[in-house]
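You will see two complexes here that share subunit A, one where it goes with subunit B and one where it goes with subunit C.
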Partner chain A sequence: MAAPTRDLPSEDYSRYAFKDDIVYATTIPKGLSEETVRSISAIKKEPEWMLNFRLRAYRHFVKRAMPNWGGVLSNIDFNQITYYMSASKKEGKTWDDVPDKVKQTFEKLGIPEAERKFLAGVGTQYDSEVVYHSVRKELTEKGVVFMGTDTALREYPELFKKYFGTVIPPEDNKFAALNSAVWSGGSFVYIPPGVVVDQPLQAYFRINAEQVGQFERTLIIAEEGSRVHYIEGCTAPVYATESLHSAVVEVIAKKGAQVRYTTLQNWSKDVYNLVTKRAHAHAGANVEWLDANTGSRLTMKYPSVYLLGEGAKAEIVSVAFAGNGQHQDAGAKAVHLAKNTTSHITSKSVSKDGGRTTYRGLLKVAKGATGVKSTVRCDALMIDDRSRSDTYPYIEIDEEDAAITHEATVGKISDEMLFYLQSRGLKENEAMNLIVLGFVEMFTKELPMEYALEFNRLIRLEMEGSVG
Partner chain B sequence: MAELVVPFARREGAEGLAKGSPPWVLEARLAALHRFETTPVESSPLFNKHVITDGAPVTLVDLGPVASPAPELGTLPAGGFSAHARIVDGAVASLAVSEEAREGGLVLSSISGALAGKPRLAEELLTAGATDQADKFFQLTRALFQDGIILDVPAGLKLKAPVRLEVVQRAPKLASFARVIVRLAEGASAEFLESHASSIDAPSVQGIGCEAQVGDEASLHYSAVGNFGPQVGVFLNRQAAVLRRGKAHWSLGNFGGALTKSLTHTKLLGNDSRVKHTEVVFGAQAQKFDISSFVTHIGHRAQSDVLARAALRHKSRGNVKGMITIDHKGLNADSYLGQFALLLDREAKSVAIPGLEIETAQVVRAKHAAAVQQIDENQVFYLQSRGVPPETARRLIVEGFLNPVIEGISSEEFRAEVHRLIEAKWG
Partner chain C sequence: MTGTLEIVDLHAGVEGKEILKGVSLTVRPGEIHALMGPNGSGKSTLSYVVAGHPKYQVLSGDIRVDGQSVLGKAPDWRAQHGIFLGFQYPVEVPGVGMATFLRSAYQSVHPEKPLDVPQFHKYLKEKLRLVGMDASFLQRSINEGFSGGEKKRAELLQMAVLSPRFAILDETDSGLDIDALRQVGAAINAAASPTVGILLVTHYQRLLNYVKPHHVHVLVDGKIAESGGSDLALKLEEKGYGWLREEPPTPGVV
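This part shows the complex of A and B:
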């Protein structure tokens, strides 16, 4: 008797690859100059300090050399990129205000349903400006602020100025400088002291127009004893030429605050995704980065936590999937600057069809940071012989009283595992899917249900054609 | 990245040293000097924030003189060696081969002697062998070596007793460079023991470049224990190319010097080739160690096992950098890279970077591990409760930490020397 076979539900992936013809309301010409920076600031009617901040960042960007490590960046032509574009000039207060074209796009992505079901708020970014934003009433009543970063600059100028650019100064790296010069959109989150936000705050970003760089800027401030979970997901249409996405995300977790930041990155395979993400964790605070990268041509992203106060904790989970033509240069950084701080870093990467995954991590223990405990674990799975996996962990210890361990393994799917699953009636590709999904499960199980489903679908999509 | 000013690295120096040699020698020296000048201190962008260049007294020294001609083979010192060589301040001071080894066809020669007497062999060995050109200081040694030795072990000869090389420094304020060239033909086996010592306490520089070819089914066990004086800048480069079913085994100990920059790179070229690489560092006072251990897998089913352990006292610094590269041709590789540091004082510093670059999924195992730790006070307490004084307990724990590396050294004499050096660090 033939072994029974089961069909996994087939998915329609066309919704991940589409492009709408939008008439852009405001666009400034391609290319980057001081004039571009001034125009962006003028269009947004920004205060002078922000213009000066942008100009300072631009000047540093021009001076700063391109990184000579990581992925191949030489194909990026900064003069072929449009640095500002907005689909509507005003943020939509309600769903009705959002332009129809934009709405259709988001419907394909399933956002309205997501909101109806269990998400606390929706901040969706269509190209360079937040076009739709809603925060549920009770959150507003608790004093939670969740809005587009541009709006926050207008509505909460003092709060904004106090924290903006304090975690990641423009001089941090070339792409942080670029973002600081031309940033547009992103989310601003403020959680007052002691406030616990039970449901995740969600934001969706997309790059739509060909060659539009997206330079969103997110700032999260969690006051003492507060708690928040922020989720961002990215999908983008497929284009033939390069796009650039260079975001900056700053998180400030005050004393005892808990912040979790989840990212599902699925940019189309022509996007350069060069992102700086960093959190400051004050005494007793707990910061978690859950970061999954399945899309883009090249991702260079190392979510980091600076443990500034005694007893602060960091947990970073990084998952990467690199298929044909992709390079996921991802990792994590934990910088221990205070006593009795702990960090756990877990990295899981899968490479296939000539894809390349790189884990690049930093673990630093500064002088005086006694009683530090840190563990790093990296596992890489290689599906075929054309793929490549690299691991570059940096461990810098300036303090005797520290316990640091790092472990890594690289391997392939074992024939025994495949054989076992096939003997239970699974087809080879189903068995491989299952093994890969199991490999990244420690990430998936932390996601809200809808995201977990979408993530599993994405992994299955990536795994298509792995057999035979 | 800090540059390192090496004032004695000059064309005239290379020209002076090449005088009387065949023209290709000067060409090779100048080519190496050019590569030295054009190669950054750290060739890999991965490590260039983690290179230690300070602490070496290179600006206070001059290039050592042209070596006087090496002596003929002399009598073998006691100790039961197959062969014995002594290099003093870059010049070969003595050479000896046991009768048994000579009858078996073992050739031990100074490089200067080989250039004069066996020019074809010298050219073949001096120009081949380099498996990794990227190390700046290897190029410096190739440009400015005063002399060195060639050990040629013919096919099938299995040396029963070890070959001993002593590298000694006597002259202050000089930079001495020596090359060590080892070739094991098919089926040969040899154990090589290299020791470093200074009889002076003055600024100086010592470079040693070792190039080994391990033929099909040959086996080389290379142990080296370095204990140069406290003001010496030490530049070590060791490379091995291992062919089919060949086996290389490095047992390396780094104890002396102001700054030790060491790079060991094994290329597993042949199918079923193997390397075992163990390295120990014990730093004290303001000593600095910049240690790189690289393995490249190219042959099928090659195995590598790399383990580095560093114990650091006082203000010493230790950077241990490793890279295992599995080439896309290196199917079914089995590799392990472990890097561990034990910090014994508040001021001690360590950086560990155990890297992996893997270009094929056909991997049996590719694993690395690193840990930075301090002495476990529970262990000290336990030993104290057994009547061991706390200071002795700490020493025992450090010895225990370094032991997995030390026990790989085949020579009892060398193991005893390592234990003596560890003991001396507590003084």
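This part shows the complex of A and C:
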């Protein structure tokens, strides 16, 4: 067979990699010390307890060894990272308050348009400080709080203190400790009892300046019987040197609450993306993590749900895409601590051009948690022979009646599938794109339309050059 | 020659084994040819080779569309030049919706006749009606969970949407019960038009009760052993394929 043409559909990808020249209002010099931590807290005029929390975390971070599993972390130089930077001193409530330069960046990302269409609220992290926030009036009237985490600490100190750090303590792991010491920005969401938020709450996160670590901290509290969908999308400019993104996301779903948390990530290929995400699901609550990982040099992320109350449910869907020089070490954890709890874990990974994907998951059923049902499914698709995929499913079951199924497949794109699609006029690369998009469709179909389109464009971008 | 699909003294095989040993056949728009023959005679090989399956090798001879050789061309090039293959075993592509797929395929094959989304859906509706399919098919993934009959009709839907000039329908009647066979027969008649030449590849005569071919060819051991009108199919039904093997092959029949 002759080599088919390799044209890609014409899409404008340039907007995924841009950088603008913002004058940063406040920057703390590179490097990490107790002084750095104190400065961050001082700039933010934080209460004493938060400074103490940060210092406790910092001390643990210093003591704690680097993880010796997952990906290669030895290239991270913690002294070459800027831990705090703000583009604007205060948080804007309306579009007019946002600095022009930042606004232009958002326009490239399509945010104002998105907001006009159906956003219930926008919280956008521009480097380390939240600069723009708006929550529709009706949500405010319902008592919904959606704001930057720093602002929430000032405006809702008691609520904040009651829940902050309760799901993921600083001592959880080295990077949770780092985040806890230097955190800045992120979203704070509070949904009062019985309130249903129909439209997704959205935050757009970006890294802009070179070697800026992003250490945002998100806390979602969904009271009894409430419902919310939080969605974050990430793009980042492409830089040659290393950046670090280490976030902590805590979700508390009270009795009967339903929380969905969707992440679409496209960190630039030099970013270390080391994120701790965990939810507490109380009785009858339903927590869903939808997590897509494209981009980054190394991602280590395992969204987890602790099923604390009877009848709680967890659904964790993760999609990972690893190209040349990338390692996506992703997965999920479901920890069943109560009776009749259910979890479904699905992982889909695609590797190409020597990229590596790893599924790493934990399924735990504690003593006393009877009547547990769980399914784990991991599918890996390898585009070529140079790529790699591994599966590490850890299962600890302490109750005999748990109904557990685990399935794992590793596959390649079949010649028959390619031929079938090509015989309908699709070029080889377009046929491959369709097959890959189909492979992750069970994730895409859960996304709001414009995110689904965006995600499909990202996948096509990642697939570029896969043929030939 | 313009307006023809010509297969000229084609020798082809798979994994070093010669299966087609000199096949010649010309199909023009508006014609329906039936290609019959016993199992293993090379019918499916011929179908795949014309469509450009990379597993098969052409050893000698030629395949031409409008006088231009397709040898060495990718399957998508062939599709864009009017060739369509209806698969005996349509392939499932999980997660790819029929509607998306059909639109991408249409755009690839007919860049000269662009249709926007509403226009395309209108176009699609007509074609669905033509092959007797429900619009709910469009919501499903390509061939996934389709019954045997649905898969075959979905092939005919693709043919109708792509409106090729030459369609090879490989065993489109296989594995169907009587009702499904009747539906498929009706769908083929509906898709047939003066602008498409059809090569119906079939083992049994029964499909020909529904679709009347102008020409019938019998492939035996990689060669066309007999060609004739539609009555040849009836003779095969009555006598089987054995007599063709016992007689010396008729040379140069096309």
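Heads up, the rule we're going with is that the second predicted complex is superposed on the first by the 459 of 468 C-alpha atoms of A that agree within 3 Å, B and C clash if a C-alpha of one lies under 4 Å from a C-alpha of the other, contacts with A are read in each partner's own complex, and residues count from 1 in each chain.
Quick note on the criterion: a contact is a pair of C-beta atoms (placed from the backbone, for glycine too) under 8 Å apart; a residue touches a chain by one contact, two chains touch by 3 or more.
Note that the coordinates shown come from a computational prediction; the quantities given were computed from them, not determined experimentally.
K.L.:
Could you tell me whether subunit B and subunit C fit or clash when both sit on subunit A in the superposition?
P.N.:
fit
K.L.:
Kindly classify A:382 by the partners it touches after superposition: subunit B alone (first), subunit C alone (second), both, or neither?
P.N.:
first
K.L.:
Applying the document's definition of touch, where does A:390 land relative to subunit B and subunit C: first, second, both, or neither?
P.N.:
first
K.L.:
For A:421, using the defined touch cut-off, is the partner it touches subunit B, subunit C, both, or neither? Pick first, second, both or neither.
P.N.:
A:421: touches subunit C, not subunit B.
K.L.:
Compare subunit B and subunit C by how many residues of subunit A each one touches, and report the one with more.
P.N.:
Higher number of touched subunit A residues: B.
K.L.:
Taking the superposition on A as described, I'd like to know which of subunit B and subunit C A:68 touches: first, second, both or neither.
P.N.:
first
K.L.:
On the A-aligned overlay, A:310 touches which partner chain: subunit B = first, subunit C = second, or both, or neither?
P.N.:
In the superposition, A:310 contacts neither subunit B nor subunit C.
K.L.:
Determine, under the contact definition given at the top, whether A:441 touches first (subunit B), second (subunit C), both, or neither.
P.N.:
Second partner only, subunit C.
K.L.:
One more residue to check, A:430. First (subunit B), second (subunit C), both or neither?
P.N.:
Second partner only, subunit C.
K.L.:
Once the shared chain is lined up, is A:405 touching subunit B (first), subunit C (second), both, or neither of them?
P.N.:
Touch status of A:405: first partner only.
K.L.:
Using only CA atoms and the superposition described at the top, report the least gap between subunit B and subunit C in Å.
P.N.:
The answer for the closest subunit B-subunit C C-alpha pair is 16 Å.
K.L.:
For a test of understanding, state which residues of subunit A touch subunit B in their complex under the given definition.
P.N.:
68-69, 365, 367, 380, 382-412
K.L.:
Spell out the residues on subunit C that touch subunit A in their complex, using ranges where they run on.
P.N.:
Subunit C residues touching subunit A: 51-55, 72-80, 84-85, 87, 90-91, 93-96, 100-101, 104-105, 108-109, 141-142, 158, 162.
K.L.:
Using the touch definition from the top, list the residues of subunit A that touch subunit C in their complex.
P.N.:
1-4, 414-417, 419-428, 430-431, 434-435, 437-442
K.L.:
If we count contacts the way the header does, which residues on subunit B are in touch with subunit A in the complex?
P.N.:
Its residues touching subunit A are 45-46, 50, 328, 331, 341, 343-346, 348-363, 365-374.
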